[in-house]
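Look for subunit A in each of the two complexes below; its partner is subunit B in the first and subunit C in the second.
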Partner chain A sequence: MNTVVAGITYRALLGRRRIVLLLLLPLALIALAIMLRLFGGNDPHSAELLMDNFAIAVMLPLLGLIAGTGVIAPEIDDGTIIHLMSKPISRPVIAQTKFLVAASLMAVFAAVPTYFSAWLLVGNEDGLAAGFALGALVAGFAYVAVFLLLGTITRHAVTIGIIYALLWETVVGTVVPGAQKFSIQQWAKSIAVQISDNPFLDTNVTLGFAVPALIIVTLGAVLWAGQRLRVFALTGDE
Partner chain B sequence: MNIELAQVSRWYGNVVAVNDVTMTIRPGVTGLLGPNGAGKSTLLHMMAGFLAPSGGTVTMDGTRIWKNHHIYRNIGLVPEREGVYGFLTGWQFVLSAARLHGLPDPVEAARKALATVEMEEPKDRRVETYSKGMRQRVKVAAALVHDPPVLLLDEPFNGMDPRQRMHLMDLIRSMGTAGKTILFSSHILEEVERVAQQIEVLVAGRHAASGNFREIRRLMTDRPHLFRIRSSDDRKLAAALMLDSSAGGVALGPDGLEVRAAEFRRFARLLPRVARTEGIRLHQVSPADEDLESVFAYLINRST
Partner chain C sequence: MSEIYDIGYRHYDGPRLGRGYSTRALTVHSLRGVFGLGRTARSKIMPFALGVIMLLPAVVSIAMMALIKQHGMSYSSFAVSMQTVLAIFLASQSPTVVAPDLRYRVLPLYLSRPVAIAEYVTAKVIAMTVALFLLIALPMTLIYVGELLIDLEGPPQTKEYLGALAMALVLALLLSSFGLAIASLTPRRGLGVASIIAVYLLASASVPVIYGTLQSAGNTSGALWAWLVNPFWLVDAVQVWLFDTTPNALDGSGYPPGPAPAIIVVVLIAIGLAALAARYRKAAAQ
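So, the complex of A and B:
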């Protein structure tokens, strides 16, 4: 962790209009929760549906994409990352710092709003709010790690990330049973199931698979991103 | 400190950007001269640790540069691309460089570096409000903040106004005199001539020539020159010129004469003398190949 790298990264992501991108989805989630509550949908089933179909399936991967690619891809694109990399700091440390910044953003912009919106609907009943908040937090770490890595591999990280988030995580991950094992959002649900007693919440992925998978994916992606930065090449315009 | 390149090549797929270059960059100012696309940036990126050589080695006092972040304690890099966070002020940008280097007194180091490039007055403005020349100067300040013995600058004078250019040239010269190893790339001979003691010429990825500016100048003026001449009697002039060995060849066309001068100086003296004795009026004498590209083309052919 390098505080100067972290400081610059926070400013790049939270400065000016970019913060709007990060706020949009959690605000939509809270707005949906408020509407459900106003119109009498504050029952355990509606709460589970909102968490499952919006918080985990839509908001989490997209926020992960914004934060995960946002901490590195624009800097690689415009060359500003040279400022950080032409210094006596190991490149893996730069990658780890960028990951920590993105992970902290996931805690604030994904986990907290997830807890808050579930709490709006059912309070602390069934542990639904806590379960999904923890699931969103841990899965959020995995998402930003993967998208950070993607940002160091390709200049089209955002496009590929959107296709991955929408196609794999949202469609395949929810529809194709076999593929669910390899979907980050299902791992998040598997954690939520452990904590929550909500009767409508269910998953095909066991905790024994989800936890090691989350750890391996997160650590693996961060380490790999560090190696990618070690061999980062400026090709120039020639 | 020296930067040594030993048989360095770099290719992208089938395209060879740098071809078997061996050179040593020593203390003082070295200019890396070559036309656009000659591979100057590729070579500089390899010296800066931002590109792996496909063949050969790039070292700094014996230490490998690629995949070695410790070298940045001794290297300051001014990249060609903007590469400056627009949302930071000039002060914050240079200060962040000092902190990233872990300097004991980053505030003092940043203040000194900004003073060196005369950027104290606009330092509290965001970088995005700066002109290109000002951005260039904060980049130089950030690269100098840890007082590195080696400084690499990629096309540093691009986009600067004449005054800023002069100031940066003075700065580079004085740092070179102080014993720093400075390498800068440029495609403009005059720029390189005015600042560099040592000139390395890169053409089409090859190390085409090496020497101080007098040697490089001589190399460039001693090559065969092509002149286009219009006169009152082209045919008579052609015949008279061919009698002297300094004229290598004469072609007579509808637009006048094309004369290839084998020896530039001698031919320059010969032409007016011949015209006078033969009573021929010269309407036009123009060099047909004075642009830098043809000079480089000559150097390539010479080196192969």
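So, the complex of A and C:
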């Protein structure tokens, strides 16, 4: 963890237009929760639907994509990463610092709004709010780690990330049930199921698979991203 | 004592091809850019991969018609059911149309030619519209040709096919005017991709929630309007109104009756184009 690198990364993410996108999604989630509450949809079923369809399936991967690629891809894209990499800072430490920055953003912009909007609908009933907030937090870490790695591997990180988050996790996941085992969303849900006893919530990935998978993916992606930075060719590979 | 040398610069006195020619050239150049033609092999991967995915349902449809003599996917539902792929294509390719010119600040070079902002924007919108239209129309045409060749029972669904083609054009125009307007806000490609997909997902994911809420509140006619938040269902609603096709909304729900969706589409296209023109007027002044 290098505080200077962390400070630069925070400024790059929060000082530009990217913050509009980071704010837009959680605000939309809270707006939907308020609308549901006003129209009398504050029952456990619609709360579960909102959490499942919007918070976990849409907001989380998108925020992960924006935060995870946002901490590193623009710098690689416009070449300013050279200034960072030519300093005597271990490159894996740079990758770890950037991961921590992105992870903290996920906690603020994904987990907190998830808890708040579920709480708006059902309060602390069935532990739904806590379950989804924890699921969003842990899966958020995994998402930013994976997208950080993607950002160091390819210049099309955002597009590939979208294809993973949309096509793999939703379309392929619903058609081929086995693919759901390899979906960060499903791991998040399996944690939510464990904590919450909401009757409408259900998953087909066991906790015994989800937790090790989340840990391995997160740690593996961060370490691999550090490795990618170590062997990064400053001249670019095109 | 100084002397002026004649170093042989010559005037151009050949034909001047004019405004229309340069706009056409820019359109073709942008259209080739959408598919990565004339660029590196890497930039061809994404558009062509998505194009191949769009062709898969056509292949399945033709196989179904040939083997079990049944219609596969209907023409009117094609764009709606492939909306995720189309949205990804729009998101990943619209920044390639507008971002590089903004990023490398070459806009003054274009505008010093007979191309004005209106022509520049028109060329970019036409290029993206044609690209999206090709993506939808090509598989549909394949299915139609397959239908004619296989010769199923009953007359060919020519009217539905032509109607779906017309709506594909409207959809392409709506998507590209909005996609380019969003993409032109940032010179960064990655951020442009993320913004477009975020706007699409916000629109599409909030529909079931709004619909479900209004439905459970007993406001059934109001709930129908929720579908119009998603651009694909909005255009489908226009198709239902114009060509009397079956609605493709989930749960077998219909759309609000009457010309309202068509008016919304026209207004949205106008807003998208106006935003794009305003953005470029500002960018050109920088």
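General observations
Keep in mind that, in the parts below, the second predicted complex is superposed on the first by the 232 of 238 C-alpha atoms of A that agree within 3 Å, B and C clash if a C-alpha of one lies under 4 Å from a C-alpha of the other, contacts with A are read in each partner's own complex, and residues count from 1 in each chain.
We take it that a residue touches a chain if its C-beta (ideal position, glycine included) is under 8 Å from a C-beta of that chain, and two chains touch if they have at least 3 such contacts.
Quick caveat, the model's predicted, so the values are computed rather than measured.
Clash-free side-by-side placement of subunit B and subunit C is the outcome of superposition onto subunit A. Residue contacts after overlaying the shared chain place A:157 against subunit C, while subunit B stays out of touching range.
By the document's definition of touching, of the two partners only subunit C reaches A:66; subunit B does not.
In the superposition on chain A, A:108 contacts neither subunit B nor subunit C.
In the superposition on chain A, contact is made by A:232 with subunit B only, not with subunit C. When the two complexes are overlaid on their common chain A, residue A:74 makes contact with subunit C while staying clear of subunit B.
Of the two partner chains placed by superposition, only subunit C is touched by A:17; subunit B is not.
In the superposition on chain A, A:58 makes contact with subunit C only, not with subunit B. Remark: least CA distance from subunit B to subunit C after fitting both complexes onto chain A is 13 Å. Where the contact sets of subunit A with subunit B and with subunit C meet, they give residues 238.
By the touch criterion stated above, subunit C contacts subunit A in their complex at residues 40, 42, 46, 84-85, 87-88, 91-92, 185-186, 188-191, 193-195, 197-198, 201-202, 205-206, 208-210, 212-214, 216-217.
On subunit A, the positions that touch subunit B within their shared complex are 2, 4-5, 7-8, 11-12, 15-16, 78-80, 82-91, 230-238.
On the side of subunit B, the complex with subunit A involves touching residues 12, 17, 36-42, 45, 48-52, 67, 69-73, 75, 77, 79-85, 87-88, 93, 96-97, 99-102, 142-143.
Subunit A meets subunit C in the complex at residues 17-18, 21, 24-25, 28, 32, 35-36, 39-41, 46, 49-50, 53-54, 57-58, 62, 65-66, 69-70, 73-74, 77, 156-159, 162-163, 166-167, 170-171, 238.
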